Amino acid sequence: MAEKTVTKLHREPLFHIVKRDDMVWWKAWGIRAITIVVSIFVMVFISSLLTGKGMIQTFEIMYRGVFGRIETGSFKMLFKYFEEVAILLCLALALTPAFKMKFWNCGAEGQALMGGLGAMVCMIELEGKLPLAVLIPIIAVVSIICGAVWGVIPAIFKAFFDTNETLFTLMMNYIATQIIAYYVYIKGGGSNVIQPVEAGIAPSTGNAHYFINAGIVAVLTLVVYIYLKYSKHGYEISVVGESQNTARYIGINVKKVIIRTMLISGAVCGIAGMLIVSGIDHSIRTASVGGQGFTAIMMAWLGQCNPFITLIMTAIIVFLNTGAGKVADSCHLNSAFADIFVGIVILCVVGCEFFIKYSVKIRGARKGNKE
Amino acid sequence: MTKQPAIELKNITKRFGAKVIANNNVSLTAYHGEVLSILGENGSGKTTLMNMISGIYFPDEGQIFVNGKEAVIASPKDAFGFKIGMIHQHFKLVDVFSAAENIVLGIDGGKYNLKKSTEEIKKISEQYGFDLDPEKKIYSMSVSEKQTVEIIKVLYRGADILILDEPTAVLTPQETAKLFDVLRKMRDDGKCIIIITHKLHEVLSLSDRVSVLRKGEYVGTVNTAETSESELTEMMVGKKIDLNIERSDPKDPQDRLVVKDLDCINRDGVAVLDSISFTARSGEILGIAGIAGSGQRELLEAIAGLQHISQGDILYNDPKSGKTENLRDKTPVQIRDLGVRLSFVPEDRLGMGLVANMDIVDNMMLRSYSKGRSAFLERKAPKDLAMKIIKDLEVVTPGASTPVRRLSGGNVQKVLVGREIAASPTVLMVAYPVRGLDINSSYMIYNLLNEQKEKGVAIIFVGEDLDVLLELCDRIMVIGSGKITGIEDARTVTKEQIGLLMTKTGEEE
Amino acid sequence: MIIQFICRAILLGVPLLFGSVGEIVTEKSGHLNLGIPGVMYVGAISGIIGSFFYEQACGNDIAKMNALLAVLIPLLCAIVGSVIMGLIYSFLTVTLRANQNVTGLALTTFGIGLGNFFGGSLTKLGGGEATFIALTKTSGFFSTKLPFADKLGWFGDIFLSHDFLTYLAIIVAVIVGFVLNRTRVGLNLRAVGESPATADAAGINVTRYKYFATCIGSAIAGLGGLQYVMAYANGVWTNNAFGDRGWMAIALVIFALWKPSVAIVGSFLFGALCNANNYIQGLGTATQELFKMLPYVVTIIVLVVISMRKRREFQPPAHLGLPYFREER
């Protein structure tokens, strides 16, 4: 008898996964918050093992590395942090409408590069020929158009032929990269570097560009939030994302919505590119966006299509990224440690969604108790 | 000879989440060499119960005995080990594979030799009289061919306990007769056949015994030879129900929607609608009867502007202006812009009529959100409408901001019908509006439709329950294989006449 | 000149071949692993770490090194490293049903970070003084040519002169192609990617197939990273030098229409395209940058054409990118 029970226990599924009813929002966010905090602690612990410094000291290095010494009145680091958050957030905001529509735009990198290219071309060709007041709107319009065009090409094929957008947008990134490489080579006179140009939407020196970039993105956050929540377009995006069949049924032109939304998504990426090229670097290279287009995909997803949550997530991740880099630097280890740090934190948050959507019942325990 | 029990279920209970109890304390037995019918209404837990035998679900409580021994069936693989095979209602076949590849899929051991398998498949086909090309790809097969693949798949595995879930739902009468012949042959071979159905005449013509489920509970088992249709119905629905649906005579009927010679070809190039002509009149309910998939969905979608029409006209007579508009090749938006007040309750409520993840208020907006020139949404009116519908139709919900996917089937339908009626339509099309609903909700829907009829709305009602069609509608149009096989007065026609028209196809004319 | 061009194309193509064959195996199980670029980095760095310590253990003296061990240690390390990456990915996406795109991208971030971190810090962590890793000795073992390669002229150069991982790549591709199309395991795997519910109902352990496909796929892809550092880069690690090859491998999967045999030809074609600029007369450096986008352009054209043609045989696995939960209701 006992033997039979043992084999039975073995054969029955030990873990039984059940889909949950909706979890209350505060509980769901509680789980996410705990996951983030715990994973950060674990990673800080690992860092301290690696560097031989204590955990508190590691935290301090991170904090100082990101914010500098604010108490002494030196805000430069803080401003720089805001600017970095702004750029990544801008890219994530661009992706949010597309993700809400369940369109996997993995092409933020390329769309931003093309936007940046648009800005760069204007800056180089028109510098000194037009007053800044005329040049700035031209830069803005051109980079928005460039980004939008790069975003809309996959959307057109998605709308008409249902071409896989994940793969299409991914490929578009590298075409953009090569176009930039080509342009840099031509304009850089074979040196692989374009010398910074003076003209741009913000001066390259001083603190002004921090405020301009962060300000533009702050406004953009609000605009995207309102657009998605209160506009008719936003409503159409949700319907198309949830059910194309319903969209058809109530007479939404699904193709039009897909194309329009990707025009917007690409345009906002274009703005991000413009901020980088014309607001910060005043030059362009293939690494101008530096992989942030991919990080933005994760940020937009972690933000659950809510721009304000995306803002919080972005702020956390940029902090960790910069901070972890500084920790590695402090021990002369490679700053790529930051990627490991951030990668693991994101993987943990992605994994914790499981516990929000499903619950695990351990089976066999019931029978085991009987014995 | 006493028959050996093949499957015994003892006190099986299965829950989904905290609220839904799909099966409660069900016990029943099936023997070798017999056909057992599991009879029950939609949502009575038949399929869930059988899924536990075939290892798709695992019971929360209770035991399963196979051939007299207690068995733990944790996966479909375990089920095969016990020689249990299930043919699901939604075929589980890989589209890009050939029939033979699908049949050998998942079998362990032995050398993988598709040629040899193909020979064996041909042998089984001959033995039971199937007609199948093992090399044909699934995506180019008809529904009945796919079903054949499913059946051979379980036979190939040597199953001697076969479970069929609603096998006739998609078959023509001829195909059904052929299938039943095969099943009888298998029974005579000593196999145990369990067939899930809600069609009484099939139960009576095929099975040896009938087990009835009602709302997840086991009601009882009777020998087919000793029972009658009325007894089974009573077991199924609990008590004998005279439908007693009110029906008034149409007042001042006028031709509202005239459909002329409508042809419609689907993506695969098959004619799904073939010269359909009929008239829907105001103040009257026009019922549409037919076997599932005869073109009902396409017809309603064509009228609503969702299907491409290859030929024919859809003429709408405006009751106010008296003008006639042709709705052909118009999008839903264009139809709305013409001032045509056409409401449509589609078959797929959560996948088409509503957005499952949106709350009731946002679902109310689906029809009306685009009104007005503002770029922004107006949520006040939809919210009032949502509150009104919740109150008037007694929708059970925690609030207007609850996602509709969390409501029960009946409440989902109330929300959908409520919204469509709120648009004060002149034409109202409803497809299977009471499918999966409890009796009370069903009657509420019938009453709503009758109210609309009193208001002079032209109603088109696609239904599956002939009793309901006969008691609710004024005229019944029967559709078979995309053609109209008859339009009858619902007050005089008999159930048998309708049934006969349903099985008539175009070729027999 | 032409012979040199072909050899170079093959050398450049092999990492792509490993990567794409690995990704094909994974995608056939219905999982779009965008973490492949990261996996390839990890494969490369794991191999580097393994041979680094082996070279140190032998006192950096080539005479003390055993050829077999010098090859086997990095090989095993690369496989173990990439399988661990595959395990992380499959645990998250199969067991925890996390979003595949986000998991994959996070894994790529993580993997590239891991590669660059150890690549840049290994000597320091190992207590050495050198600022970069150069494992030319191990690389030497990897690049050993077949016998007679030098004696048979152009034939020897094109067919016999490559490192052994090149031959391994082709063998792996052929085996994977055979397994997918001619064996029961392959049939089951394809069914899992096309319709997991069907496979499940047929008694196939969907979870196990997904895990194995992802991990084996990762192991294969990881070898691509190893081939790059050992044979192409002569054992010298430079941060980010591997570049976008991981993404190009994913592109190659589409180009090859999910068929390993096509991937063999495709990888050499892509290798040639990456390299053509160096061999075509009068092509400036600028135009050469434009040339490098050709593999991606071609891939997009293939992607668009297959979506327009709708031939069922050429479509991606039907359930690609979607999670599977048996009790979905």
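Read from first to last, the chains carry the letters A, B and C; within each, the first residue is number 1.
Going forward, a residue touches a chain if its C-beta (ideal position, glycine included) is under 8 Å from a C-beta of that chain, and two chains touch if they have at least 3 such contacts.
For clarity, every value in this text was computed on a predicted model and none was experimentally measured.
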| item | value |
| --- | --- |
| Maximum inter-chain contact count - chain pair | A-C |
| Most central chain, Cα average position | A |
| Of all other chains, the one whose Cα centre sits farthest from chain C | B |
| Gap in Å, rounded to a whole number, between the CA centres of chain C and chain B | 48 |
| Centroid spacing, where centroids are CA-atom means, of chain A and chain B in whole angstrom | 44 |
| Chain A and chain C: spacing of chain centres that average the CA atoms, whole Å | 26 |
| Of all residues in chain A, the ones touching two or more other chains | 18-19 |
| Residues of chain C engaged with two or more neighbouring chains | 327, 329 |
| Touch list for chain B against partner chain A, complex | 17-19, 58, 72, 74, 78, 304-306, 331-333, 336, 344, 346, 348, 351-358, 362, 365-367, 369-370, 374-377, 403, 406 |
| Chain C-facing residues of chain B, complex | 16, 54, 56-57, 75-77, 79-80, 86, 88, 92-97, 101-102, 104-108, 112, 137, 139, 153 |
| Touching residues on chain C, where the partner in the complex is chain A | 32, 34, 88, 91-92, 95-99, 101-103, 105-121, 124-125, 239, 244, 247-248, 250-251, 254, 285-287, 289-290, 292-293, 296-297, 299-300, 303-304, 307-308, 316, 321, 325, 327-329 |
| For the chain C and chain B complex, residues of the former touching the latter | 182-184, 187-188, 190-191, 194-195, 197-205, 312-313, 315, 318, 326-327, 329 |
| List of chain A residues in touch with chain B within their complex | 8, 11-13, 16, 18-22, 230-235, 238-239, 242-243, 245-246, 248-251, 253, 363 |
